[in-house]
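What follows is a set of structures to go through.
In the two assemblies presented below, subunit A is common to both, partnered first by subunit B and then by subunit C.
For the complex of A and B:
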């Protein structure tokens, strides 16, 4: 039997939690790299401080636009912009969801053969890579200024978003149910309708509500490149230095986004 | 499940009662009618002659866009570096501001549920409802065009995103670890750093990398309103109808987004 002796070395060694990156070499490399990058990046920023200082007056003018915001003077324009945004949101969400259903079925590896799978995944990748505003530029060039370009943009973006998330959900379905329906001799459409659809329906409804919310938010910026909506009104207000109207538009956007977010959260909780 | 009892016949099983069936159909009818009405609204604001011309315009556009102006790429490295800096520094700034905000907003760490929490939640919501392009529009008016406006726009938008997801993660932590530390007599700061922070660390890293990936995408278009990065070159090329240059920019954006997506997927995979 050995008596427990006081180990000074062990007592001096304080316990520390394991670091996030286990390998010390990699850890210090990441730290050094981050430091070097930060120095390089900060060094390459050119800031015109005199211009920024002059901007303080404008910042004050902009902030005073909020006290009180001017809803009245340009109410007609605001109303038109809002109606465009809302109609764009609704039509593009509906069209995007309808188009995304076949793509989602094709992009699920457990349903589709490889060529169809690759084709559908390629469509999803194209739709998701570019920012909505860039797609809007192309649609504006093709179909002209106005809400139709915005609607097409949002429908295209909805297509990629819905198809990707839905395809992932279809790949995760319970195989037993699908096999049970198939064993009854069901055809392909009955099989999809009675074994796949019921399993992904809660997610489909939840994602649709979420996308409706996103589409409204995005519709507020598409106006900057001429694709209609409330962003158009906002941009015009900024161009004319009508900060009161701009503040009113911003407040309306925040209010609608809040209402949308709350409603879509309610729908998702109710379904799931 | 509804059962319809018919005299002299076995009962009929249906998924919904007749009234429920009718209500579901009415719901669908209303949704379709709303969508059609909205489309009608958009259609009235569309010059259809331009739209029917779109395939020809599209073919014409593609004809002008190819071959890409490869030589132009030499002028794009600096704007691309700026774009990456806008996204990265913007994310870093958002982390610096968003992490304290998340701890102030989370139910279990906030110093005051009545006073501090609603304020923190309001900042998070206001930041999230306004798109980074609109933040950029406002900041360019105040600070003048340049990279600084872009960094701040990205930071202001990401602040709410990081704050929201992180405070939700903080609220979902395992209470028992906190209790274990409290029972050893740890003070609140020790509980925070030894029980709460280690639990939310993986979520925090995942959220940050995810947002950085989104920000790379957003930063490519901030230049359209003058907030620096490759979008400035895009705007200039579109305004001068230099479509081969636009193609080069698109390809460069495509490559950057693909790399950032791959990188963020790798990091998230390693963490979670």
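For the complex of A and C:
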């Protein structure tokens, strides 16, 4: 506005976009440190090229055992394992989601008082700390071999996954909408159902579909530690050197996972 | 004489940050009075109406609605008291993923139980009333549209109906025209005032637009830094008063503008 001696042209020449790290000393220290670490790390890897070359041959021999895939010989075992896996997946996903809802509400800082928040966050942390296989081993030890252990494992893992992501979505809801419904004199449950739920519903449905697909994949792994499902069938096939049957099981798993992924993608697009 | 509908005494709000938003506000609003609350941003207008229905907890002072002290109510009693205070919001604050009808019916949430609300099983006369109101504002054919499919003016009408469904005695209105164009703003203000007259409702309307406040409200209260600095009829609003409320500025155009608008409106009518 006023005619001071400010030189815009000179200021424009001097202007640079602000860097990610403001202090130049720290900036170059971080860059150099990262580079040095990468070089040292690369130098510490020992590669035995002859062993790697042998390995290629072995892998080829192993893979050739998979051909042709044999769907017929052990079809009944495959069918049984498959059914068990699907049951496990559906029951554990449904149970996990139901249990995750109250935990998610408690783990949202904008809804829950601090003690409830910390308690629910602790449950989520426990559920997410341990990989499914470790939890499965514990449940197998507790309830014995079979699909029950697998189901408990998947339900527990689903709970942590859903509660965490849902709680984050609840924390991002539009406050004004929630405030407006509260101002009508609605009770707490009605308030949740009419202002929070509509805002997080698309994410809830999308995550549920995604988790169903994860749980099916996990159910294939859990069989390896004796927690039932198609993984059991696969494990048995490997133990008996029935690579044809193993190949058939793997192909079926791939097909189902692809189908699940496609379906969950469709569902997520549809709810948006 | 009977006690006015709403009586605020020494109402004070200090936020945890230390900001004193309201500093001992005394205010009485009789039944059926439409009052505009004006003042600069941060003067405490929003805080004041939110302290009435306790969306914001007042730090000190008393709020009496229909003779009932609100500041000491239990949660359940507060919810019942809130049904008598309809609130209308700046950015409409409709639940966007619910339908227009659901948004209007949400005004009845204080009257129905959870499972009724969950399954949308509202009493027939509530639904009838909702349709009558929607028809009144020309939105009956939009009942099943999602709220975010509506224009700004339409959304604010739905927001007004949600408040009316509560069968309130008092409307708390927070910047109803802040995101609307000038023509829609006037229509919305006219609708609020008409509905208040028809139903004998009192209203506290927070508003930035001094011209609109002068035109539609019968009483104007000026708030500055949490204190009431003006309380009078719209005609008493002159440059000296505006300076007291907002600070030094050339006010001649603001005051004249509202007259001009009135002329324009008459010419258009």
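What we mean here is this: the second predicted complex is superposed on the first by the 208 of 272 C-alpha atoms of A that agree within 3 Å, B and C clash if a C-alpha of one lies under 4 Å from a C-alpha of the other, contacts with A are read in each partner's own complex, and residues count from 1 in each chain.
Methods note: contacts are C-beta pairs under 8 Å (C-beta built on N, C-alpha and C of every residue); 3 or more make two chains touch, one makes a residue touch a chain.
Since this is a predicted model, take the numbers as computed values, not measurements.
> Quick one: subunit B or subunit C, who's touching more of subunit A?
Of subunit B and subunit C, more residues of subunit A lie in contact with B.
> Let me test your reading of the model: by the given contact rule, A:182 touches which partner, first (subunit B), second (subunit C), both or neither?
The second partner, subunit C, only.
> Between subunit B (first) and subunit C (second), which does A:258 come into contact with in this model arrangement: first, second, both, or neither?
A:258 sits against subunit B, while subunit C stays out of touch.
> Give one of first, second, both or neither to describe whether A:46 is in contact with subunit B, with subunit C, with both, or with none.
The answer is first: A:46 touches subunit B but not subunit C.
> Could you say whether A:247 touches subunit B, subunit C, both of them, or neither, answering first, second, both or neither?
neither
> Does subunit B (first) or subunit C (second) touch A:237, or do both, or does neither?
Neither partner.
> Hey, what residues of subunit A end up touching subunit B and subunit C alike?
none
> What residues of subunit A sit close enough to touch subunit C in their complex?
Residues in contact with subunit C: 174, 176-177, 179-187, 189-191, 193-195, 198-199, 201-202.
> Which residues, counting only subunit B, touch subunit A once they are in their complex?
31, 34-35, 38-39, 41-43, 45-47, 50-51, 54, 57-58, 61, 81-82, 85, 88-89, 92, 125-126, 128-131, 133-134, 137-138, 141-144, 146-148, 151, 194, 198, 201, 205, 217-218, 220-221, 224-225, 234, 238, 250, 253-254, 257-258, 271
> Taking the touch rule as given, give the residues of subunit C at its contact with subunit A in the complex, in rising order.
That would be residues 53, 55, 79-83, 85-87, 89-91, 93-98, 102, 106-112, 114, 117-118, 159, 162, 166, 172 of subunit C.
> So in the complex, the part of subunit A that touches subunit B is made up of which residues?
Spelled out, the residues of subunit A in touch with subunit B are 17, 20, 37-38, 41-42, 44-48, 51-52, 54-56, 58-59, 62, 83-84, 86-88, 90-91, 94, 129-131, 133-134, 137-138, 141-144, 146-148, 151, 217-218, 220-221, 224-225, 228, 231, 234-235, 238, 250, 253-254, 257-258.
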